[in-house]
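Letters A, B, C and D name the chains as they come in the text, with residue numbers starting at 1 for each one.
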Amino acid sequence: MTNHIPVLIITLPLIAAFLQPVTGFAGFKLRNLVIITILLVLNGLLFMLVPDVALQGKTIYYTMGASDPSQFTQPGISFPVRIVLKIDSFSLFTGIIVGVVTLTTFLFSTGTVKEDKRKSYFSTLFLLFTAGLMGMSFTNDLFNFFVFLEISSISGAALVAYRTYRKHAPYAGYKYILISTIATTFFLFGVGICYAQYGSFNIQYINSVLAHSYLDKVAMLFIIVAMAMKAGSVPMHMWVPDTYAEAPASISAMLKASGMVTLCAMFRFTFSLFGPSSSGAGKINYETLGWIVIVLGVLSMFIGVTMALIQHDVRRLMAFHAVSQTGYMLLGVGVGIAVFAKGDGGAAFKAFGKMAMVGGIFHIMNNAFYKNLLFLTSGVMERRFGTRNLNGMIGLGHRDTLTTVVFMIGALAIAGIPPFNGFDSKLLIYESVYKFSPVLAIIAMFVSVMTLASFMKVFYSSFMGPRRDDLIVEGAPLTKGTKAGLIILAALIILTGLFPGIIVDGIIEPAVTALTQIR
Amino acid sequence: MLSIFLYVTVVSLLILSITSVIYKRNLIKLVIALNIAESSVNLFFITLAYRPDSTAPIFTLAPALQELRMVLPSPQALILTNIVIGFATTALMLVLAVITYKNNGTLDIRKLKGVEDHD
Amino acid sequence: MKLVSLLAMFIIAGFMFTGIGKLHLPGDPAGNSNVFSQRSSEKTDTANISTMDDYYLRNGQMETGSNNIVTSVVFDYRGFDTLGEAAVLFLVVTSISMLLFSIIKGKDLEETVLTDSDGFPAGMTRIVSIGTVLMLPIIMAFGAYLVIHGHLSPGGGFQGGAVMATGTALLVISSFVVRNLQKTYKLFSFFESLGLTVFIVTGFAGMGISFLHNFLANNDGSFLGKVIPLGTNPGFLNSGGILPILSTAVGIEVFCGISIILVLLSRALNARGSQKGGHKC
Amino acid sequence: MSILSDILLGLGIFVCVISVIGLLRFPDVYTRLHAGTKATTLGSLLVVSGIIVGFLPEIDDSEFMIIIHALIAVMLIIFTNPISAHAIARAAMLAGIKPAMAEVDEYNSPSHDISVNDNDTNKSDEVLKEEQ
């Protein structure tokens, strides 16, 4: 059974979702138990793969329906004819993010989403969202990636509109699916151009025969634009505040995870699909591409944080911070891309480019953890006061000690204060980007300071101040599941912050190596 | 030049649909625009699969094996998938538009701009 | 903002218009157009093949036991895509019922059938009702034919299911109203779930070798496993391995899913809670 | 035989093109329905008969199948097109869409079993106008 792990990771949530009409009738306790078990099993399977894949650098293939599934191609032919799943260190890294985020988010949502008939639909869609994100992480087939992208975006849109009684929630869902559909149409166009030239959909095969023609660059434009649109980087970030603000708190966290996975996929397409291959003649100009990514990143950072400073709505504020944090990752990886194929034989890449990429990729993981924690605590705040407006919140620190502590942890982590995990990845980015271009590093630090200021505002206005029990709408204590979700994320933030070496050496460094290795 | 005409149609449809996404304000019309974009992608794939003087890739009642030429099968399978996904997206968007109309009393994007005001 | 996006659109359009000149001409795709010229009877024949599609055309018939190569691509070679596609449909049915059950409340969940003096439903005219009664069996039979013969002739689970769902659409527009929405929904939802479960369980049944492995094809010939002769043949219903099973499962799922969407949408548009008459949306 | 088939095909396509122009040019639902269903019924009938006539001289198994399919298609078109046109027209009337540029007396007559509320009609017009 061990060599079937890749397909089990994707199909287990699918089965659980398909059986929801049955388990949903059997009572919500059983249903929650089943889902938590499935998500725990998923995490277990993912961590089972860590010794083989991340530490020893093996690559696991799974060919659907073939007589020998662990082979990449069938005997006698040089190209894969079936759908292939591929687990290398980078996709495992993506999968671990998804696994941890879905587990904690579902634990949180057991206590916060109202338990009624529609909750069954909620958990079905949640499981399908998980399956879509897992499929996006592990598939090695462009069209299959498209299918899973659609699964995640449709379930995301439906979940954004979950609270239909709110005035604007359906419109936010509409906006999300509109953007997603445009993005997936562009993506499919890029896939079609790749297929027209090489007659295949397999990422690894296309990369091995890539000719770096003009059409490839057009295809790359389409695919990168689509991915950036879904990830919410700056020119296409208009949908982010509306959707993140109107969705339930746990779904905002899931949308954030979806953005992270899309970003990872964008990096994977940049390197593994359109990266340098052995056969190609005219290479893609990596320096230009890197600078484009860097400019997008800096714009995202700056616009995101300046827009966040003036917000009075806690969720919109956090959504703009999500845009701003995306900028850090784009900056780190962009510096890596810019020096990736420089003419100095990879000296600059070894000197600081790889470190910048490690910083950027590490920041994806850290950001997924602390941003989720912040979104979840904002859910608690919204629930307590019945509003998202910061002017209507005061003195929550007197009531909810746990929420206060975890919000503090998340806010300090996002601002890059030691000893939390945001500090480690931001330090890596600052150091390496400073060697590339000092101005960029200074901008990044400035944005970090503004982030701290913005979160101090939130903390001061909602947690400090006199105790006002008359403003509290919902005073029931948090359930065990909600607390467990918050505590797990906070513990992960502190552990990653205290021992960054283990994570970087164990997961991040192999992931970057797998991403940038030249076939 | 005539043979490239199909590709020109594909690109024109895509540009048409994206332009109407930018300029139209009615939620239902946006759905129609996205459907046009999806049709353009479907046409693109079907164009890639075409071979002259070929039959559909079905052996039941096909001509004899020696003179058999068939069009490429996998783009057809893919656009089958894409059509179903497009149907799903369209249905969900229409439902969201209906509920938006019930909540706000309008389908005009300009009047729906008040998303940012909380509560 | 609009000007910026329009400018970006024009840049992308420029890229596309310069790009399409470099695409291969329609009717001149990659691969060998004479794939079948030297076909031997071996099971996996790799000579004279340069692309994935050539492989499908040349070996698909023998490997999957299906005369229709498109079906064998949909359900066998790229079966995982089809699983995802079925999941998309399930997903959208789930989300639509989640969203619409928040609108349809109280009395809208149950509705009595209004009939005229001769027992036909009121609302639409007699012409439409009689036309529906006459057309419904033909539509259902044709849909079932498409589903079952998916591996022999053009068709398959999705197309057949959609054709069958047009029968539901006919019932809806000719005002054969559903008496109890909850019960109908539960019935359809059960069968939809059943179809998907059959699909995925069939996938797991081949798990001894690999997920979605076509373990029934080219067997003894008693049950869906007939070894079909190479090349053109009249088509045998009991060939195709797991393809007919998957096709039927998908057909049931699509029929029930689209029916749920149609019924719920028509009911939501006629919901009394919002406005009188249901034609405003 | 083949000349006859070509003539029939050409006529059918001509009628279909005319109906498309009608769809674009006519002012309201009812006249568009006229163009969209009646003309296409005739057009598809002509096209199908052209196909049948074209296949008649050299008849064998697969051609025979095509002819049978075409005949069934013709029968279904003849049967369903008028019914669907009727259903659409009635739905449009139930929805309160008035014919453009036409004075219809029986529209608001009390003998008609479905009465249309005038306020609703105006409102739906507003909704239609909002998109500009």
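Please note the rule applied: a residue touches a chain if its C-beta (ideal position, glycine included) is under 8 Å from a C-beta of that chain, and two chains touch if they have at least 3 such contacts.
Small disclaimer: the values here were computed from a predicted structure and weren't measured.
Traced through touching neighbours, the fewest hops from chain A to chain D number 2. The most central chain, judged by the distance from its Cα centroid to the centroid of all protein Cα atoms shown, is B.
The most distant chain from chain C is A, comparing centres defined as mean Cα coordinates. Averaged C-alpha coordinates give centres for chain B and chain D that are 24 Å from one another.
In whole angstrom, the spacing between the mean C-alpha positions of chain A and chain C is 32. Averaged Cα coordinates give chain A a centre that lies 28 Å from the centre of chain B. Touching of two or more other chains is recorded for residues 16, 23, 29, 31, 52-53, 56, 77-78, 81, 85, 88, 91-92, 95, 99, 102-103, 280 of chain C. Among the residues of chain B, those in touch with two or more other chains are 14, 18, 48, 61, 78, 81, 85, 88-89, 92, 96-97, 99.
Residues of chain D found to touch two or more other chains are 127. The touching residues of chain B, when paired with chain D in their complex, are 24-26, 29, 61, 106-108.
Put simply, chain C touches chain A in their complex at residues 1, 4, 8, 12, 15-16, 18-19, 22-24, 29-31, 44, 46, 49-53, 55-56, 76-81, 83-85, 87-88, 90-92, 94-95, 97-99, 101-103, 189-190, 192-193, 196-197, 200, 203-204, 206-207, 209-214. Of all the residues in chain C, the ones that touch chain B in their complex are 2, 5-6, 9, 13, 16-17, 20-21, 23, 25-27, 29, 31, 33-37, 39, 52-53, 56-57, 60-61, 67-70, 72-74, 77-78, 81-82, 85, 88-89, 91-92, 95-96, 99-100, 102-103, 152-154, 156, 158, 230-235, 254, 261, 265, 268-269, 274, 280-281. Chain B makes touch with chain A in their complex at residues 14, 18, 21, 27, 30, 34, 37-38, 41, 44-45, 48, 75, 78, 81-82, 85, 88-89, 92-93, 96-97, 99-100, 103-104, 112, 114-116, 118-119. Within the complex formed with chain C, the residues of chain B that make contact are 3-4, 6-8, 10-11, 14-15, 18-19, 22-23, 47-52, 54, 56-66, 68-70, 72-74, 76-78, 80-81, 83-85, 88-89, 91-92, 94-99, 101-102.
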